[in-house]
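Letters A, B, C, D and E name the chains as they come in the text, with residue numbers starting at 1 for each one.
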């Protein structure tokens, strides 16, 4: 099983969806593929079909229209899967928090496993997030007895607030 | 009986970084009909802006689009400056021009990369983005952010450029030019690229004008039109001549952008060399009153801003018309009759920026 | 004894193919100025896919996917046992047809378009392979692949033009640009992942493994052009492989019609001229 | 030229890859880069200037309870608050915030201190 | 059983049953009589197979010559009448010319045909008889059910009687045709099949069917005229003894006499028209309007097979001549052109028809190659093509009755609605172009034989790849179902007649392919040995050997360095592959452990609607995903058809030119 774990951590295929971002996070996500950052070093390749993907990268806040799309894509991904919310819009809703068409962060539609702040986050930060997501992928597979649970419930994860100082 | 395939092309589609849906009706592989469907990126930004203090709106305007972010903040700021009758110091205007052209360089390089990806030349995509990283480094060093700069503010600039950096910039621009010139012949001469782009998605001069195309899409169809010719900011001192191509196909649109990158690099160098000394920001007081209408040239084309205010902290009305919005009707004109494989190339050839369009 | 060799071949081909795919990804990355993934990356991918949950549309999809891999292996066995080249081409076609049918089995527009394109790829690539069978016969007096081991002069010397035609269709078989139109790691432009859009988990892994085997088969085809001494053929195959990588990275993906026209015009032209020249 | 891409590609093959091996080597961001907002609440006078200026609503101040909440996952690092702060409590660091599995709001309890009536 | 009794079963029984059905229109009698006849024909075929050895059986019925002549004249007169009634000047002209020619030969030349055997039954005839009797009988059984469902507007019973009159008669006439040796007899049966097909194609009595029937009559009359011309040339030059098929085949006059050569060419052209080679293919395509059993019969065992049978039978006569090469090229061209046209058609029956034309072209090409291997391949093709095509046509007929359309587009998702039918059709389609089935084996042999003609090689290569394209395309359409469709759709049940007839054929196809060596050794090789002299004389021996024993998977030969000239067909290995293909998914696939996934629609799937096929389109409106096949209408259109026809006609003119020079 160690081999499987190794393989899972080493080959996160990512699917990117722009829920309604301003492009800033999108282009930084795409920049991760390019020679200077090259996330393929960690086996991460961008993939078009959710059926192949292990990791959903969400940028931008969820609005009424993109919520359905995001859910559909998430449902079509097969277990184990993780969701990475990239950028402020996807974590909360950033500067758009007042807008009528903004429902909030990505966690309004799908359960999010990794949050990365920044507006937009640097490619380095996105690499960090992908590596962290890949580690979580491994854990998810271990937790849930294979074959994994069928239903993909749970879109209403609450943001937890904890005291720090 | 013709047998037709109906394909949803997007919103989640690997070729578009942004969600745009085209409902394609395809016969064999010929596109018969393309119906766009928008609204995936609609955030209600304009309405949101009316709820805000107008100063905060700079940050909102910047986030209309992450790629041409600087242009949006410049246009917004100059609208407010006009309402408040602020004279922006010349150094700030020059800095704005430098950042604007820098964002044009990075936007066009980004586009050239995506365009290369659209016709499946991945290594070219990589090379374009690799060159682009240099311009991002410049933006980060000077503006503080790789993509969203937050450098422009009402009354001037928040960031200055010291002398060392100015020299470094001139050098860096030369480097970008050197790197980019290696890629220019690929876009201009490569056999396979020409095979995919020449004669694809032709937009005639008449169609371009009557359908209201703007920016490189319009200029590639042989129309000499560029909002920078209005001479806002320091452009009037730059003896500026827009790049025009005649053919109106995807290849021509590529060529226009390739040449515009070189032109923008030129403009940056010239502006850096002429950069006047002095203040970069003036303070302002007062409340807004009146309405203003601005046209400026984004990397994607001409952008319109409309701002109305009535002695209030907030704006009464805030309206943006972005270049992609104007370019969608020409796109729909170009799509029917093309091959399915051409759809990404044609769609990308207008350089769609959906987040601009839908705000 | 020889059967043991066949067994080793059948088991070893996917491993070797996977490794070559890893090298492919590494070299491609280097050509693009990137560092690239580790060489064993394809194995990571496949192990991960095998461990992943899978979905399917209907039984026929699964059936034809297995059939794709299986007939690829049958084709490999036919080559390894030096049997009839024409039958090998048929087995390979069966394999590709199975893949197309697996794509068709789902009512997904993307895999549907992908499958149709896959069929056109078969249409574009098969003729040259059949011509190669005829060339084999004319050069060795037998349709058996084993025949090339009995002649002293490499096949390449008598069939240089045919070799060019084979190189042309190699881009199709290897699913590389400019003719990578039905499905691939990178042909996401218009049809997402093409034929494989609807495969997931272990079914996608099956497809990957079949690609590995296919790669080995392709390299063996090139190898046949120069079998004596054996290392010359291996070098030739690796050279062709590297050439395809270079072409992949310097060519835009061409369109369907261009593919069929080019391969039929040039493939038929070169092969036929060469065969006529040889017979006359 | 027929194969315009070939020289670039071959040059890449024989040169070292340009990849910055990020997690293994760390490239210092530019000094002026806006990476994240760092708060040093020792000097805070709860004047709410930052709260008012924040376009993203990331800062929430409850003066009566002495609560200062900062949500780093709403902050767009624009620097408006830094410019507004009279006590220079806030600072922008060029380093970036690392990804987390769970978002946490940073909360400070600040004792209402001497009021700087003259500076308000 | 004596030969006379056999002939009673083979020729007279169908005639009796046909008349019985026409006169007594009772369903019970119809069913009973036809099933009895089918069994009798099959039994007689088996008997014939065991009875005929290497030596041909020669039967003479000189007393019947006059009857035949009168019947001939009657048929021609009827055709003239049809031409006059339907105001078709070409048919009138052709029929009158034939009448004149026949009368001139009989009255003017007065050939002495008393020495000519009326019927000769050799192994080739046995193979043909097996095909006609077995497959034809199965189609008859199928037709019983099919015609029950077939829409006959007025007087259904009467029209069924009429239908079965011509249908069963067709079988009897075809039996006669494959035994006929006397050219006048052959000509009679030849014209009689034309008449039967005319009646059957026009059965539905719609405008379209009447027009197409007339077209068939017209084009086949060209063939009839060609045959009369050939008989005239032969009788005129060599006297009455030459009016014998076996004499023509074995005379070896080819090198000596130009008129013989031209006669031969005319006979071959007659074969072309029957075999619907380009540019005569239109009658066969038009024949698709007829009820499906007619198409099945025309395509698999009768009519078109008569054409290739004649060409094949004559193969020794033109062996080694330029004519042979011309025939090969012509056949190869038809193979390519018909395959190309099949790609562009969305009517299932027309696709099948084009495929038939293509395969007949391949058979013709094999005849033209004229080596032992090629001729064997041709015989094998006739057998397997008949089985496959009968199966496919009957399958399409059932599908058409259930779907209400023969358009391939409408057959989408058939796999869920008619799983049993899907299995049958899949077997049929696989049988047409995939290893290890018989047609592919024959095609393999044909291609290996074609190596002597590089130009032909190119034609065959191109055609064979196109074959894969249109078959897979069609099969793919039928396979494609949306997720969970099977659970929602109630499969259609099949009547017993269909199960019997289709099941027998499907099983038969698999068993025949599995027992390919037995088919080759037991049927094909003996059939060519007896009548094809080059098979015995000019052969190296290895050819035949390679053709026969190498069908087995023989590891010793394969792993060693032994080289056999014509290659090997590793049937065993391929069947192991096929078996594993069935077994492995069963062993590894656990549907209950896996999830059925929705299809990917760019994330815009909608849950609403009856099918999971709707996506949110523009303005949030539910749009339906629809899939269309590829038909390349931009490239393949009427102009293509026209130019292909012109090329084919030019080739045919060149063929005659080759002969004449």
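Here is the rule we go by: contacts are C-beta pairs under 8 Å (C-beta built on N, C-alpha and C of every residue); 3 or more make two chains touch, one makes a residue touch a chain.
Predicted, not measured: the structure shown is a model, and the values here were computed from it.
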Touching subunit C and subunit D alike are A, B
Shortest chain-hopping distance from subunit A out to subunit D: 1
Per-chain CA centroid nearest to the all-protein CA mean: C
Among the chains, which is located farthest from subunit D on the basis of C-alpha centroids? E
Note: of the two pairs A-C and B-D, more contacts are counted for A-C
For subunit C and subunit E, what's the span in angstrom between their mean Cα positions? 35
As a quick test, compute the distance in whole Å between the mean CA positions of subunit B and subunit E. 65
CA centroid of subunit B to CA centroid of subunit C, Å: 42
Based only on mean CA positions, could you tell me how far subunit D sits from subunit E in angstrom? 79
Where in subunit A do residues touch two or more other chains at once? 17, 34-36, 38, 41, 46-51, 69, 73, 78, 94-95, 98, 119, 122, 147
For subunit E, residue numbers touching 2 or more other chains are 594-595, 597, 600-604, 616, 625, 627, 629-630
Can you list every residue of subunit D that touches 2 or more other chains, as numbers and ranges? 3-5, 9, 12, 17-19, 21, 29, 55-56, 76-78
Output every touching chain pair, sorted by label. A-B, A-C, A-D, A-E, B-C, B-D, B-E, C-D, C-E
In their shared complex, at which residues does subunit B touch subunit E? 1-13, 21, 23, 26-30, 35-37
Can you list the residues on subunit C that touch subunit B in the complex? 28, 31-34, 109-110, 112-113, 177-178, 180-181, 186-192, 249-258
In their shared complex, subunit D is touched by residues of subunit C numbered 27, 29-36, 246, 249-251
Contacting residues of subunit A [partner subunit D, same complex]: 35-38, 41, 84, 88, 91-95, 97-98, 105, 113-119, 121-125, 127-129, 131-132, 136, 159-165
Which of the residues in subunit D come into contact with subunit A in the complex? 17-23, 27, 29, 35-36, 41, 55-57, 71-78, 96-109
